[in-house]
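Structure incoming, see below.
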Amino acid sequence: MTSGGDLLIFLALATPLFAAVAIYAVGRMPDVRETLTVIASIALSIVTISMFMRVGAGNPPVLTVARPLAGLEIAFRLEPLGALFAVMASALWGVNSLFSIGYMRGKREANQTRFYVCFAFAMFAVMGIAMAANLFTLFIFYEVLTFSTYPLVTHAGDAAARRAGRIYLATLVGASLVLFLPGIVGVHLAAGSTTFIPGGLLTGKVNVVTGNVLLLLLVFGAAKAALMPLHGWLPAAMVAPAPVSALLHAVAVVKAGAFVILKTSAYIFGSDLISALPAATWLLWVAAGTIVIASLVAMTKDELKLRLAWSTVGQLAYVTSAALLPAAAGLVAGGLHMLIHAFAKITLFMCAGAIYVATGASKVSEMRGLGRSMPIVFACFLAGALCVVGLPPFAGMWSKFLLITAAFGTQTWITAAAMIVSSLLGLLYLAPVAIRALLPPAGDGSSGGFIRPYGAPGPVVAALAITAAGCVALFLFADAVAAYLAPIARRVP
Amino acid sequence: MTVERLLDLGAAINPGFHLIIAALLAAVAKDTFTRAVALIGGPALALLVMLYPPVAGVEVSREMFLGFQLSLYRPDSLSLIFGLGFVLAAALGGVYSLHRRDRMQDAAGLVYAGSALGAIFAGDLITLVIFAEVATVASALLVFAARTGPAYHAGLRFLTIQFAAGLLLTAGAALYGLEKGTFLIADLGGLWNGLLVGIVDPASAGGMLIFAGVGIKAAFPLVHNWLTDSYPNTTETGAVVLSPYTTTMAVYLLARFFAGYDPLIWIGAAMTVYPVFFAVMENDLRKVLAYSTNNQIGFMVCAVGIGSTLSINGAAAHAVAHIVFKGLLFMTMGAIKLRVGTTKASELGGLHRTMPWTTLACLVGSVSISALPFFAGYTSKTMIMTAAESGPGMLIVWLMLLFASAGVLEHSGIKIPFMAFFSHDSGKRPEEAPFNMLLAMGLSAGLCLVIGIYPGWFYALLPFPDQALEFLAQDLVSTAHIIQQLQLLVFAVLAFMILWRLKLYPAERPGVIIDIEWLWRKGAPEAGPALAKPMRAGARILAGLASIVIGRMQMAARQVFASDGLVSRKVPLSATAILALCILGLVMLVSLFQ
Amino acid sequence: MIALPSSLNANLVIGIALLVMLLVVAGAIVRTRSLLAAIILFSIYSLVSAVWLVVMDAADVAFTEAVIGAGVSTIVLLGAILLTRGEVEKPGWRALVAPALVCAGVGGLLIYAAAGLPALGDPASPANAHVGRAYLEAAPKEIGAPNIVTAVLASYRGFDTLGETAVIFAAGIGVALMLGFGPHASPLPPAATIGDHHVVLRVSAKFLIPLIALFALYVQFHGDLGAGGGFQAGVIMAAAIILHALVFGLRDTMMAVPPRLVRSIAALGVLLYAGVGVACMLNGGAFLDYDYLFPPAFEKQVPGWLLGDPEHAHHWGQHFGILLIELGVLLTVAATMLTIFYGFAGRTVEAIRQERGA
Amino acid sequence: MISFETLYAAAPALTAHAPVLMVAGPLIAACVAALSPTARTSWMISVTGSMFAAWMALAITGEVARHGAVDYYIGGFAPPLGIAFYIDGLGAMMALLVSSAGVMASIYSGHSLAAEVRAEKHTHVQAAFLLCQAGLLGLVSTGDAFNAFVFLEVSSIGAYALVAIGEKRDRRALPAAFNYLIMGTIGATLYVIGIGFLYAATGTLNMADLSARLATLGDSSVVQAGFAFIVVGLGIKAAMFPLHGWLPGAYSFGPSLIVIFLAATATKTSIYLMARFIFDVFPDGAAFGRNFIAWVLAPLAATAAIVCSIQATFEREIRRILAFSSVAQVGLILLGLSLATILGASAGLFYLMAHALMKMTLFMAVGGLAISLPARRLDDFAGVARDAPWSATAFAAGALSLAGAPLTLGFLAKWRLLEAALNAGQIWIAATVAIASLLTLLYVGRMLEAIFFRSAPAGAPRAVEAPVGVLAPVLVLAGLNIWFGLDASLPEQLAGAGAKALLAGAP
């Protein structure tokens, strides 16, 4: 065990958990409660960044917590992808906390304490997922994430929210119980362990049929990645308040799904095995279909958050595709895309929230001309949109280029074509939102005024500006991130 | 740190960045002076960097990013001449826009110029793609900036097709780079007459994609409508800022990648010819200029396709000249748009009375585009015509170009100034254009003359300066060429006058000329819902069926499983006992008769 | 159970006749719609079975069947019938088809399976050859009780008997819990209508009750030698008291034998039984190993005449153990029977009171 | 991290009489409780008796772990003449389970009973409960087939009576108890007839002796008939689908004391006995009953897991939901056993323990709430989490465990079941387990949603947090659900030892 590394892991888990308890304890005092949230997010970011550096230095933190059954461990071990995911989630938690404070206060939402507690709890789960050393541990925290976010999805508490919550829970837990868990058990049986091993745990341990079945089980089982036809929960979950959609359905939850698929591909199957499995090809077709269909559906949605949700469905399928490309290069691209899309999509969701809290508008058609009064928000929206679309100078361009290159490099034409088509569609359903708000044709004037006196609350705007800046900054630092991720694509000799 | 050192440092950076930095300044500039510094100083700085020190054919920077070898800055004589045109256009556009307090447009314009500049100085495919994409966004913003309904929709169409082109370019670049194992332009192909031209193999998959992308940006026939659709819908300055870059950049790319690719000859020739008809019939004068742009680009495309040193020189020269005189024409139309509010020929006429300087500038532009000797157009177009004469089997092409030249004269040379400033008096008496506009027009007009009268320095800047200077010495001012051109002009004027007198010339009527763009303008918005409707209906039917099925299943399940349902209903004890007997019998059956 | 039938044919004829009677009675039970009639028929059924069991040489079982099946359970059922309707609806024949088919099918399977059973009374059959024979051989030496059945029940399988006693105790508790004790079960005040025309009954009952109790004790102590034992004795004892209640009224009986005492006695019976087991254990033997019922030191001090036949001296513990546990059984059984009777009878009284009140 | 292993490794090596004391203790305590003067003394006796039994069970478990199976000859007579106790790994596991459930239930009963049953009946209620406990403990420790029947009856009769006294709360308890009584009696009768067949075929009642003699008998229709009677009889007792009709009523109308105890133990012990017969007594491991397993047991178990889960989903009353869930979970346990592999049997036994723990937690939590909230329907529990957070939290722990949420014991149990099914190549069993889990999630979700995420309708009666005496055992059990979710070495080892013991005779 490396010195201090176990402490870091412990801290990464304990900080949000402790925060959850503490927030619950001080729930009566909103100021203290929210200060705690922010402090916890900063603390967590510091922890994850130090872990990140350790991993970069080739000294990954390791910790074994428990051994529930013989041969099954709840253990943690950082590797580049997980470290990146942890840093991303914790940093965006901080930003999102800022946003939440503005939003929840601005909307005078009920049950705010439960909201913050569950959020902290969800971050605990995300940390567990990011740091898991084996599929078993990962599954545990994956489920914890589902359950801890259920109260957030049903936050509104009305019938629609409960219905969405049911869909959310049924799809996610259903898939994980019926597909993911059997898959993991299968892996355990085939390989005698579920530990993530660079180059692939299953390499040389399964035949093609078993490999196919396991791959299908695991990829579809990670329904948080919203691969069609298990995508329905994501649009449904949009009944949640904007901060929830922002962090969970742009960053934590959906990225957990994508992360699982990437990690499974890199460390359970390994690119050699993936290349040999026909199921990977079938899944690439499914992913390509998801990319295109989701983009088409997004075009028809007037409700902004729904549109963003469908866009997320498509973008997640990018990562899935990346993970399944018969070349390790896709993994780095997928990891990068995971990070970049997180920044972009959280920006978009926070913009949607800011608009909603300031004006009550949630439909695209109600936002014409709003950019005149909320220029920063819509400029950031444009930045996020262009980042999702993959236009420079936003980071999305790099990950998309890498993905397309990887697809071309492996002669996976269908994936490349789907990505290209969906980029164009993405531009069509995202860019006009901002353009019509910022540069409205005459007569398209702002359809509704502010329902709050001073527009979007300051923290809200600050939060989304930070992430929008992140989209640009990542354009410049994509190389560093990719270099950091490079080890995950390394093959076993 | 000495000034030289600073310059060294600045010169190591792709000049496009200087413009983009200037754009940042423009975006926050509040007063006119700062704006002027950004709008004019930026291009000036870029020009300085481009010329200092003259490092043609050398990659100034080369680095690794994401595992790709990138070269952000690789100037050579081909890119330098195009860059010169861009910088000039940026500066002139800057001057022209000074009256208008629109930081968004200023910034977008500078970014547009900067990224176009960056693209032509890019030393690798990826950098090129990035700059091209930035240019796409910036240019679209310029269209949207008009803030009118038509502009919004035109902008969307523009953005879509430009982005589609960008995607094709991106995909092509990725594929081609993978095929070749390098993205560096310097490594893609060999030198041809000392210059990297025609380095992409158009028969490869990646090459085809690049060709398609560049083709859209060059407004090849059938994909040209983004151009005629968007330019007329911009603000008065928008068209001026829009006109120089995208198509010219495409010409540069064609020359760099596909020079000597035969199909380009025919594509170019076709491009020169058919816009003539539309231009002649079109009522909106800025749209006429857009068609005219299309037509002029056709000359360049054709020249690139011919692929001789002369033709490439001609294409490059014509590109720059076209930037200047088309810019000038758009400026004059912009002035009218500003003062009158429209550029529809049917609502104009007789404006020379109150806008004499603008009229004059327009005339200079007209004669330049008509390639009257000693004006810019002549200097450049002659090279193309000469190159087209020489090849075997080029007669038809040459005749097409000749026809197009006459056509240019018809619509741009005569129709534009005539309809706008003379013709029948519309009774409108607008104010003369603001000073900054006049200044920009004057500078442009001057440039037209300078190029036309003193072409030597200009020719020295061309991609193949030796051949260019040779052409200058032997052919440019040869009697044959001048006479031929004058004949053409005289006959064209004559034809126009006769047609006009006989009222056979298409009258300036309000209306919309139906072009392929109709498919875009009307078709796409119609087709979307038209396609979406059955899809949505299908989805609704499916959803309905699903809900019915699910509902039925739920109901059935309820009937079976609910607390008073079939299996949960309380059954009499005797029945349970019988059930136990049944199971007993079953177990005995399977045990006894195994 | 063990004796070889001397004349198989006579037994066979009687057996078949009795079985036919049983069938007829069973058919009558199914047919009748009067619950009262059914109860009486059940009683008859039990009696016939008891006779049949005697014919089969299972005297102990017959005894028990007669006492419990025909005796106490009839009384309890009669008590219960007063609380409910007297008639049941007759099911349509359709409802009987499927059950009949299932019964026939399973019955057929059973007959098929039973074909492999050894012949009745076959000395070579496993039931007689294995443990059964071992008991015959070992019991006289190890237990010393003349009645092998008692030896098996009370000593070899004494733990089973403890369990059964516990079952009876549990049943008593169950009835007490359900049918009640406490205020609800307080007996009716003597009704003025009860006249003196039962005088003959009462006088003869006064004579009979001690006699029955005496017989119970006989059965109890005879268990060691022949048919009998705590179960039967307990039921007979209970019958004596129930007779008292029937003749003199519940109130008087409850005053003489309070329900609370009865319930305690039921517990005490089991406690006695289990206590014997623990005592053996404390003295160094296994649970219920009566050989260790008394400490060896104590046993040495017992004068020889008390032990009787010196040959059987070492069975002293067994004898006493069996007697003690049979006493426990008697106590529990009798008390439980009474509790059950009290429960039903008390409810009956309550029902009558409600009727009167209404 | 403290392991529970140390607990039984350090368990007292009491007298050799521990096996019988484990049974006799509660039995004697039952008599004393019945004799005791007040409700309070009877409760104390009940707790003492249960704890004594648990202590003995712990001692035996330790002994079995150290030295293998424990024998005890009652009355000093060696089998087959006398009755012998035989406690191997499986028996020890069951004894530990039953006795610890007894301890929990008896502690819990102190407060809950007061709300449900009139005080004067408490002495007898405790007596019946102790008898029931003694019966189950005897059942799992005896090595004699007939003796098992006797103890089955001891436990059952106590249980029938206890269910019936639920009538104070709900009159439907009486028919439920009657149902239970009749079904239980049918089951017991079938079982005893089966034993009769076996006795006729072998002449012995001792299980080990039976096993040895059956092995020499070959294929005999009498033995087959005996087998059928025994498994069907026990099947009724074990609530094997579709013979589970008694269970929902009994579990939903009985008082909490008995329901929590029955939920944790009653069906489990019958499953134990059935497994004992199928794998141990009848020859060649599971080979004798393979047709039964393949054509009856496994399909019925799978059907139970699915059908009863769906029934639970549609059910409105919270305790009936839990009851149907129990039937479904019994199906899952039987599915595990029906795999007839070491892995499968140990998974089934592991699941058995897990289910005992979680169902006990759930019924206890509901019972705790029911003290103040005389409600049955799920809707009446809306928003209870606000009024009684601790009970609700404990309920959530149990419910999540039931649903197989990670970090709970239930998850590990599902994991083991899936692993065993896949390992045996029985994909359809794995699929059944997965689908049943999904259905479980549905009704667990409904319950949690009502308790945590709905608010009580205005004017509805509000719950009050359960008293500490009730809450403490509930929270302990809830904590165990989580604890074992993190470190299941104790149940794992118990189940492993049990499975090994069960399949020791397998070829």
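Labels A, B, C and D are assigned to the chains in the order they are written; within every chain, residues are numbered from 1.
Following the convention adopted for this analysis, a residue touches a chain if its C-beta (ideal position, glycine included) is under 8 Å from a C-beta of that chain, and two chains touch if they have at least 3 such contacts.
Quick caveat, the model's predicted, so the values are computed rather than measured.
Farthest chain from subunit C (centres taken as the mean of C-alpha atoms): B.
Between C-D and A-D, more C-beta contact pairs join the chains of C-D. Taking the mean of each chain's C-alpha atoms, the chain closest to the overall C-alpha centroid is A.
In terms of their C-alpha centroids, the spacing between subunit A and subunit C amounts to 74 Å.
One simple way to say how far apart two chains are is to compare their mean CA positions; for subunit C and subunit D this gives 31 Å. Computed centre separation for the pair subunit A/subunit D is 43 angstrom, with centres defined by C-alpha atoms.
Here the spacing of subunit B and subunit C, counted between their Cα centres, is 108 Å.
For subunit B, the set of residues that touch two or more other chains comprises 584, 588, 592. Each of residues 221, 224-225 in subunit D touches at least two other chains. Multi-chain contact residues of subunit C (touching two or more other chains) are listed as 109-110, 112-113. Interchain contacts (touch definition given at top) occur between A-B, A-D, B-C, B-D, C-D. The touching residues of subunit B, when paired with subunit A in their complex, are 64-67, 104, 126, 129-131, 133-134, 136-137, 141, 144-145, 147-152, 155-156, 159-160, 163-164, 166-167, 170-171, 174-175, 177-178, 532, 536. Chain contact summary for the complex, subunit B toward subunit C: residues 574, 578, 581-582, 584-585, 588-589, 592.
Residue ranges of subunit D in contact with subunit A, taken from their complex: 1, 400, 403-407, 411-412, 414-416, 418-419, 422-423, 430-431, 434-435, 437-438, 441-442, 445, 449, 452-453, 455, 484-489, 492.
Subunit D meets subunit B in the complex at residues 178-179, 182-183, 186-187, 190, 221, 224-225, 227-229, 231-232, 235-236, 242-243, 245-246, 248, 289-292, 295-296, 300, 307, 310-311, 313-317, 320, 324. Only residues 98-99, 102-103, 105-106, 109-110, 112-113 of subunit C touch subunit B when the two sit together in their complex.
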